[in-house]
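I've put the structures underneath this note.
Note that chain A is present in both complexes that follow, paired respectively with chain B and with chain C.
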Partner chain A sequence: MEAPRVAESPKTGNSFGTRFKKGFKEYRVAYLFILPTFLFMILVHIFPMIQGIVMSFLKLNQFTLSQYLNAPFAGVKNYFDLLFNESNPVRQGLGFALRNTAIYSVVVTVSVMVIGLLVAMLLNRDFPGRGIARAAMLLPWVVPSYVVGVLWGFMWQKEGIINHILVDILHVMADKPFWLIGQNTIWAIIIPTVWRSWPFIMVVFLAGLQTIPDDLYEAAKIDGAGRLRQFFTITLPMLKPVIAVQLLFQIINNVYSYNIVAMMFGNGSGYPGEWGDLLMTALTRQTFGYWSFGVGAAASFILMGAMLVVVGIWYRIFRSELRAE
Partner chain B sequence: MSKKRISLIMLSMMLMVGMFLSACGSSGGNNGAGNQNGGAAANETDKNTNNSTGDAPKEDVTLTAWIMPNSPKPDKDFLTAMKPYLDQNPNVKLNVTVLDWGSAWTKITTAATSGQGPDILQLGTTWVPAIAAMNGIEDLTDLVGEVGGAENYLPASWKTTMIDGKSEVYGVPWFVDARALFYRTDALAQAGLDPATAFKDWDTFKETLSKLNGTEIEGQTMTAFGVPGKNDWNVPHNIFPWIWAAGGKVLNDDNTQVVFNDKTALDGVMYYTGLANEGLVDKASLEKNSSQIESDFSDGKTAVMVSGAWMIKNFATPEEDGGVAGKTAAKNYGVAALPAGPAGSSTFIGGSHLTIFKGSKHKEAAWDVIKFLSGDEAQLEYSKLSGQLPAKKVVMDSLKADPNYKALVEATDYGMSYPSIPQWGPCETALVKYFGNIWDIVAGVSGTYNEESIQKQLGDAANEVNAILNQ
Partner chain C sequence: MSTRVKKKIEYHSLNVLTWLIVALVVFPIFWMVKVSLHTNGEILQGITSLSIPRPQWLNYKNLWETINFGQYFKNSLIICFSTMVVSCFLAILAGYALARYKFPGSDLFGISVIGTQMIPGIMFLLPIYLLFLKIKDLFGIPMVDTYWGMILVYSAFYTPMSIWIIRSFFVSIPKDLEESARIDGCNRIQAFVKVILPLSLPGIIAMCVYIFLTAWDELMFAWVLTTTPEVQTIPVGIRLFVGQYTNRYDLLMSAASVVTLPVIIVFFLSQKYFISGMTAGAVKG
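For the complex of A and B:
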């Protein structure tokens, strides 16, 4: 069970260099196989990223775009404007987007994880028609996200089907509210995202659940553990690695969410409003709407840094889960 | 065991992400297909090269055209319009790439900065100054005489082929996007209104709308006026005609200062948004976009809307071809110019121009194609295919036999366009945002609707646009 940890083992006091040499000799062929991917990654990932960072220090707008990386150097002005210049409209806009993205990411992530896990546990039991049920549940996830945006855009309308169900049929509310303008917008973007995302989570949880050996539950039952106890002492701990990976995927997905919001409000040309704007739609508008590419690059870079911090925290929390093998 | 489990899960996730990505990519698929079609058609013309019956055999040229989705089958329709030319000039091969409006700006600016791009490039009217200032397109000043020059086109449209304050011409108008009122003749008849006077000026217009509000046709109660709110791609185009009619302007004469936040402009905004506030517009429509407003009108939910030439085409196209000819609205509609405000009538004129890409290696051949597309036959043909109004005045006038086209063409006399300045794109982005906030106020979901709250939004918009102008 206990895997030898090279780095922490006191016997191997070797430097990184010698260890690397030894590893290289041993896995020479493996490195050869990795090499093309590595080069490709540099080309399509690292190289543009460095370009983006350089851009974030330039006064790069429509007039200087033709000079591209030779555009006038702006120093940290782009960063300063974004973070501290209160009269800057961009900063005000990003404030709304940041708040909305935070609410959106937390609510969506928590909702899909809970719904996904609950449904996965339901579907993990043996019952007739289980296969069909599983396939049917996957349907929302098969719909491309931009189609989800367009469809829900119709459904959320004042005279649309959602208000019809809520007001005319269920009488939950007295008046038909606006969903696509004003404060309700935040729900109009959260709910379709949850609707589309949970089946994916569910499938992965289902895969995780099936790897938990039945004897654990049988042993627990003999010891007199109830369903709730079984869930908290067996299911949840055994699923921890899956939860860890899912959580990371969800956070990244939701913070970088764009399609649904963009399609719901004027097919990407509209302004989703103070309660509908997310970081990605705001950044896109900033960069390609206002044509201020330098500020856009700076904002992207700040976001990337913030995400690295989030991933770092995530890694610290789940480190043991990811290493225990 | 645990390692195996994680890798299994990871693998399944990657597979799913892959599926997800490919699903998302399908929107781009059209463009690729467009490319291939263009390529296939081009190959055919290539084979015919030897059968050329024209004068001395010309050198083979392959031209690339970047166009926007101007019609449901943009590449096919473009090649159909080009067919007579390609038949006559077998040495010319034409590759068509259809960009979508969302990503077009990025692709065009990338092309302009790298010098690698098409030969012929369609640009939206407000983009011409920006790309020209970027040195991305050819100066056509010496050539435009061959297509008749300024006199052949609408002033509002021609103005946008140049940068304000300069004399160079960078494009030739290809088609024009002009807006007018579409109204239900049966609803007007029922309310006892005469279309000739009902939409004369702001006062009669409001009166007309009040009388039309609640009209019942075929058991369906109509709201007077369909107006898209902020979730639209035309937000500024919808509002500016009313500002212009009130006597307001976008910028001052030398384009250095914003004036759309002055009192006259505010009057225009207040009049237009007031129609919604007074119940002549169903507030539910303020969540909708232009195409949803158009369907509401076709479905008989509204009696009046603002739209363009494509709706005349839709009303004439049978259902099986994607039109709405079968609807009651299709047989009972009329077109009129927007009502005159204190400063007279006005309408928004947009559309697209044809330009030659600076990096093109076949500029002469490209100009030849633009000349062909500016010819009367090609203008008419492409207008029929795309449902857009032709840019050339003669061709526009030839449509006047149809009373609806006649009204639309006459409305273009009052056409106005935005200042033709390189910074217009960012200015419009700012306007979309603040005009969007105005619609939120009108809908009653954000603050109270009064002159002060609207003036504040116009003021904020002015600050931002001023900052863009002075950067």
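For the complex of A and C:
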């Protein structure tokens, strides 16, 4: 009777000890694996971000830049200037940029998702040359965005190819409009962005569509559900997790969009105008142009806070979808 | 019978629609290559016809000579390729750790990896520039105007999304495979190298293409962190074709084509892996 008890007690003690040790050992590997990334993130993301936040409370301009973080403390003056002081140079045209960014982000995100989904459904059929069509449609996505800006800027010119097609060939418009001046500019920046962004969404949706079992559609057909009904009761709900993830990345990318607009107008040195300027291009140009780094940092910090709110709302809406995965 | 005819009409009209979309989508790229084959004079007069009367292949030679485009091209290749190697390595390690272990802090780490994407670039553009100057002051290591400075920044930028891509790929590989390899006498590292890595090759290729494409595309930090042609990348150099003193649309378009075509070739070669690798992550979350 004695022997098994003795044999048992060290065993349980052992198993707890080994489990603890094993756990620690396993975690050690995990920590070791994330360590380099963690250090990189500290050095390039977190440390500079904290500096940016500190900067937003300092009086940082061409005279105090050499002191950097020892520059005079300004309290919330940068924030106040940004929000209420009409004469602050960084504020110039920021209202336009904000409006344009809102229109741009919403229109691009919605168009990209809708076009992506519709074309994915178009490609999710059997027809000759399907692979070629899919590959060809993906081409814009590999074109560097600075080339997109340069190329479309060229095509939008008054005597350019787009006006030629619209006016001389299709006769959609009576006169050749200016695309890069005035209110049309918002379309001149939205369309190239959509052109470059939708193919990737399409491919992701296509992969998502292929994971939906055919039985579901068969069963719906037997129950007498029409195509539209099938779309809303099967396709859309099944794709919801994919849509959720792509939606988030689209929103972030579009709000922070910079390259296409910057390159389209004067190769990064021009002013895109009241209807072409975005938050990123405006903030970069004004903070560096006026050496107003404190106010620029304050603006970035507010923008980041606003984006966190957007992500929070997104998470609330799609929480159940993300958990189900 | 009538439903069959209807179906046939629908099938063919959808095909026509598909190929119309393909034509519309590819047209701007075709236009870029076409314009690059004209003289600057023709371009400034306005090009509207589809034909190319006298293809100016010389543009593709002149573009390397008018400005030192080869140097920018080389810089971009070096920086992007090194970034790809570094980011890929870091992301495989971290992605594997996140996919296989639930360690204290793993959720927080996972969230902050995605959280880094929330920070607007302009927020740390100046701090990084000043940090680079500080590093030179304190340690005597130049960071601005160097390859490694750019590689460091880019690697740190593109590692988070890469972790996200490769993590979901690792998750989709059954744990049993690894465990059976360990029963067969492999240790954890051997199991990882011999079983997991080969299986996740499509994911790794997708991730590498993603990193390379995104780094190839970056311009805001390149504009600020490099000031000499010895290290500046293509987006900085390409601006020289059209600007204050020159207006060489012919060379600009041929440079744009030269920059785009290699990426398209790489993409087509890796397409099979790339699409499956990229979408595996995106679909499974």
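Throughout what follows, the second predicted complex is superposed on the first by the 287 of 325 C-alpha atoms of A that agree within 3 Å, B and C clash if a C-alpha of one lies under 4 Å from a C-alpha of the other, contacts with A are read in each partner's own complex, and residues count from 1 in each chain.
Please note the rule applied: a residue touches a chain if its C-beta (ideal position, glycine included) is under 8 Å from a C-beta of that chain, and two chains touch if they have at least 3 such contacts.
Only a predicted model underlies this, so the values are computations on that prediction, with no experimental measurement involved.
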item	value
Combined model on chain A: chain C and chain B, fit or clash	clash
Partner chain(s) touched by A:183 [first = chain B, second = chain C, both, neither]	first
Touching partner for A:242 - first (chain B), second (chain C), both, neither	both
First (chain B), second (chain C), both or neither touched by A:142	both
Partner chain in contact with A:44 - chain B first, chain C second, else both or neither	second
Chain A residues touched by each partner, larger count belonging to chain B or chain C	C
Chain B versus chain C as contact partner of A:208, first or second or both or neither	both
Touching partner for A:122 - first (chain B), second (chain C), both, neither	second
Partner chain in contact with A:68 - chain B first, chain C second, else both or neither	both
Which superposed partner A:33 touches (first chain B, second chain C, both, neither)	second
Chain B versus chain C as contact partner of A:280, first or second or both or neither	second
Region of chain B that runs into chain C when the structures are aligned on their shared chain, from 21-29, 399-407 or 453-461	21-29
Chain C-contacting residues of chain A that also contact chain B	68, 142, 144-146, 154, 159, 200, 203-204, 207-208, 211, 241-242, 245, 249, 259, 267-269, 325
For the chain A and chain C complex, residues of the former touching the latter	26-27, 29-31, 33-34, 36-38, 40-41, 43-45, 47-49, 51-52, 55, 68, 119, 122-123, 125, 127, 133, 135-140, 142-147, 150-152, 154-155, 159-161, 164, 168, 195, 199-200, 203-204, 206-208, 211, 241-242, 245-246, 249, 252, 256, 258-259, 262-263, 267-269, 280, 283-284, 287, 293, 296-297, 300-301, 303-304, 307-308, 311, 322, 325
Residues of chain A that touch chain B when the two form their complex	61-63, 65-66, 68, 89, 93, 142, 144-146, 153-154, 156-159, 176, 178-184, 200, 203-204, 207-208, 211, 241-242, 245, 249, 259, 264-271, 273-274, 285, 288-292, 324-325
Complex contact set, residues of chain B against chain A	1-3, 5-6, 8-10, 12-13, 16, 20, 23-24, 26-27, 101-102, 105-106, 109, 112-113, 130, 133-136, 229-233, 235, 283-284, 286-289, 292, 422-423, 425-426, 429-430, 432-433, 436-437, 439-440, 443, 445-446, 460, 463-464, 467-468, 471
Chain C residues within the chain A interface of the complex	11, 14-15, 17-19, 21-22, 25-26, 28-29, 31-32, 35, 46-48, 90-91, 93-94, 96-98, 100-101, 103-104, 106, 109, 112-113, 116-128, 130-131, 152-153, 155-157, 159-160, 163, 188, 213, 216-217, 219-220, 223, 234-235, 238-239, 242-243, 249, 252-253, 256, 259-260, 263-264, 267-268, 271, 275-276, 278-280, 282-285
